[in-house]
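First chain written, first letter: the chains are A, B, C and D, and each begins at residue 1.
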């Protein structure tokens, strides 16, 4: 059992442990979850240390590290062939930072769940299962395995939102579930199509192996998703394009793009704080990761054809999300829309097909991961105290909660892309990459880059407006004196949860090579894969 | 129209008429006496079929045995039984008389149809018997022939039937005795 | 000491930048315990000394120096950070230090007793770090980072009194408008990077950092057609950045509002250093500009200079007048860049930094004393309003002298530094315009008019503040009278006043070409020198300025004011040309409406579509359920019921009655026989 | 001339009357009587056909057998009826419906 498998299945073990312990020991659940997550974080950092940044990954199996490949399901289906599903995990430069991010965000989420009262056993067990699924998604290299983890992830989230959520939790949970399920069901269709189009040259059987799917040589001539001379069409659209669009659609729901984003504000607003943290910190990244790992790597030819549209969607998401955030009166909803805007940068960067853009997009994902986690946590702090997060109900919080204001201000400025913080590097390089796209002839025009950069301005607008409206000025609270008493400053636990995220934002903003160094080889490999089709 | 045919019709009419009256009469005691007439009439009919011994046996066994037994049984059952006989079932689905009538009528018509259609062509063995002349004639000594057959050809069934008869009588006696040990 | 002097200019420059940052960190760590500001003060003193001795004198008289380290690598491209020391950067760095130093001293007295003093020093150190870092950045990306940090520090300082609504509105406005500029800057960077492939100033512009035809400069850039569209766009984008930061029309609206911050901050950030960063940026990337961009810069500069001067005429707030005057002077600098004589722009930047800082500090002293008086006399008036002042020269003679020196420098009287720099721009503009002829002449003419207006409004400020009689004279008594500002404030003012005189820039008091700055930069001018202009224009300007002052004297001191306060033009000027209102209606409200509309769109159309789909599905489900219940299930139920009834009927057959069984058996037999018969 | 058809018709009529009695009567004894009628009808058939079998006398022999069997059956049947009456206090078969589902 390699380090990666341990990383994936540790939380499952924790979940079993929590389920096995009697309810009389329910005080220990959070400590168990915490211990395992800390250990996971340590393990992921160890992997980060051991990672060889010169290896590229993407479509070369040699480039992956911590690889484990075990036959999982082998079924002889007679005439149809042999079913070949592997337990196949491994990481490259794209997945490594996301795994480290996930362990960190998970830890933050456990920290935020410290005061959960309602059926803690189920809560922490679900959280741990979710944790396992997320790790599995980022590590899986077998498409079937990927899909299994992808589905496993859904269920805990549904229950976490649906049971521990806010007032309209059932609605939000249902909406989230249906949206995501729609995506994954579509994904399954393409997975099956790909399975029948690809053979493992070693065994001659059809395979779910993603790495093999990325190699044009492994496609059966004349198969549905075949690479060369593929004349299959669905409603007059080439089959490979259909496959790409369907997969993109599945991941785009996760990202989310406009107009598939409507699950996000509801889910974020209704979810309990720890789940919001996970949603924003990890879940959205699965969309971006999936686009890079699956859509772009398996369909490089289509990726080269469609990036104009993807970039357009990205720009629309940026502007649309930012303008919507500007109109919000609920703090959490505003942050949810800002996520839409920030994830639009990810899409724009990926679509730019330049090293700067894709790296910037990855960086933006990491940065948004813990910044949005911190933002949601900060909202949770306020909500915990007065059970209100309507922006107009607060004013002049800086006077009564100075430390909190400092943290909020740092998180806000970090999110709006102040240099020195990670979001700046991400956004700036997405913009630079998008500008560079025209020089690299990848087909993304410069006006889109300009459009994207206006998003930076708008993000400053809504964050500053909120800051000014809620925190500055004379103290005036909707709830009067009662609120003033309830609104105590941050306590130590909250500081401990927040500090790593903000410190990391600062650290990555100053030393971005921590990410870029491990990313470069993989990104270049990805671009080299796509380049012949441009 | 010969005299024997007239007599046959008379016997047949007596049998049928009595039987009809038998089934329709309310009083069971009368019905049983009507059965007496029917059995006599039937015995008369046997004579026309040149089975004198059978006719005698009919009278001996039926009238002398069965009918007496029936009357005894009827008399042995108490008075309640007599009232109970008149009770009419109020159940919706039991077979009312008309249903029995229909069934038996249908059965009769089916049988008559078969008899008539069948009688157009006599079975082969009857034809051959008539040809060969091996037909019982009124002058034959039936009793001797029967006795001879019983002791030779039908000795095994004869013995079986006698054992069976004994078993039946013992069984009947056993059933009808008072149960002391219970 | 000698070893200290021998450290390399690079290290020294790095120290200059990092010392305030260290001060910032220490103060941040100390929090409320560090209210004296000593840490920041020591840092800036050391920085100034190092900057002057170890950096400026070494580099100005010697070789350029560069040093860079790789910051990170993206793909195959490496981005480096480092320090570029050439004459431009070292002079700018020194200037920032020299301005920041007296402001620090001044702040000790000015901000004394404020509740958030620890924050003030923290922010001030942060600003110094960012501004000093900006000056010596070698990489455009690095420059951008400091550029934004400067804006951030300015945001913090404008909103220093965060409980005041006006202050937090102002800092939001400042940051947002600066963000527009930042976008321009970022787009410029992205364009340059996309086209040339590097952001390193040395790689772009050669060793000296500002000559494109240097042999070491980037070959690609040299071969690029100067008129190509992307270059124009990039130039305009950079200029957009500079416009916001240097408060050029129409993005100047944040600067007057920014006066909500402490006056010491205004003097340092919004008069001398940060707002000049835009000009500095343009000078840094000057080789990128082609004719079109330069013309745009010149025109915008002229418009700014003119409009701001008009707005300055109608202001009553002492700081706002100075703010508009700053904008106006920044317009001058822009014109300097636009006509290609960026050395004159730099000269004006330097001189302006001193005398404008001085003016602000003096205004600060006045405001300081006025508010003290207000508190003591328990009066309620606006301590910044000119109309509440008058006759202050009797109470604050030293301040009066300092301020007059500043005002004279601003008006461009001979023997002051302002004379040199302002004339240099006007004269250069005239020479440039006479080369191109026609409409181009409008620019120097406008500049001359603006110069006269400048003299007039600053004269108005002086007369209204220090002459005439004090409005609240009846309230003054020995217990609470107006008095001179404390020494800690006077000394920095005196120092700056000394710096506003000509000797600091050149020994020749009347010819700007002789100033060491102009000589140091050695800019190759694209137009011929017109010697008569060098004579007539300065003389004309001086006479005009004197006349303006005399007019001001007549109007304000002699009380012969010809215009009514509600005059349309006065109101237009006072309301800043209604630009804020236009801005509010057009952009702020527009964006708000757009966002509200989009949110409505999101809620009702996008989410509505989702809901519609859900609703439709529900309805379909209802129909399907109905169908299922009544048709599909109906069939099932029907057959089941039929069976049931048949079974129920048949059940009666099974009634346990022998006769019944028999009857049925016979029925079947009959049916069977009938079947046989019929068959 | 009395043909076999005459006998058959009379036998069929008697048989059906017996059948009717079996089906319709509410009295076990009368049912037994019905059965006797049916047996008599069949004996009549035996006898009638026996005329053409001089060799074996099968009809008459089996007629005798049938008479004996009928007597035995009546004896046993009556015994059973008496027992049933003791048990159910009725001999109406309609009331004896233990076989009902």
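As a working rule, a contact is a pair of C-beta atoms (placed from the backbone, for glycine too) under 8 Å apart; a residue touches a chain by one contact, two chains touch by 3 or more.
Just so you know, these numbers come straight off a predicted model, no measurement behind them.
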Message: Mean of the CA atoms for each chain, then the mean for all of them together: which chain is nearest?
response: A
- prompt: Is the C-beta contact count larger for C-D or for B-D?
  reply: B-D
Field: Whole-Å gap between the CA centroids of chain C and chain D
entry: 125
Distance from the mean Cα position of chain D to that of chain A, given in whole angstrom: 94
Message: Averaging over Cα atoms per chain, report the distance between chain A and chain B in Å.
response: 100
Where chain B and chain D are represented by their mean Cα positions, the distance between them in whole Å: 6
Set of chain D residues in contact with two or more other chains: 19, 23-24, 94
Field: Touching two or more other chains - residue numbers and ranges from chain B
entry: 91, 94-95, 99-100, 103, 107
- prompt: Between which chains is there touch?
  reply: A-C, B-C, B-D, C-D
Field: chain D-facing residues of chain B, complex
entry: 2, 4-5, 8, 12, 15-16, 19-20, 22-23, 28, 31-32, 35, 38-39, 42, 45-46, 48-51, 53-54, 57-58, 61-62, 65-66, 69-70, 73-74, 76-77, 80-81, 84-85, 87, 89, 91, 94-95, 97, 99-101, 103-105, 107-108, 111-112, 115-116, 119, 122, 125-126, 129-130, 134-136, 140, 142, 145-146, 149-150, 153-154, 157, 161, 164-165, 168-169, 171-176
Field: Touching residues on chain C, where the partner in the complex is chain B
entry: 652-653, 655, 657, 659-660, 663, 666-667, 670, 673-674, 677
Field: Footprint of chain C on chain B - complex, ascending
entry: 91-95, 99-100, 103, 106-107, 110, 113-114
Statement: In their shared complex, chain C is touched by residues of chain A numbered 175, 258-259, 261-262, 320, 323-328, 354-356, 359-360, 396, 398-399, 413, 418-420, 424, 428-429, 431-432, 434-436, 438-439, 446, 449-450, 453-454, 456-458, 460-461, 464-465, 467-468, 471-474, 511-513, 516-517, 520, 523-524, 527
Query: Which positions of chain D touch chain C when the two form their complex?
result: 19, 22-24, 31, 93-94, 96-101
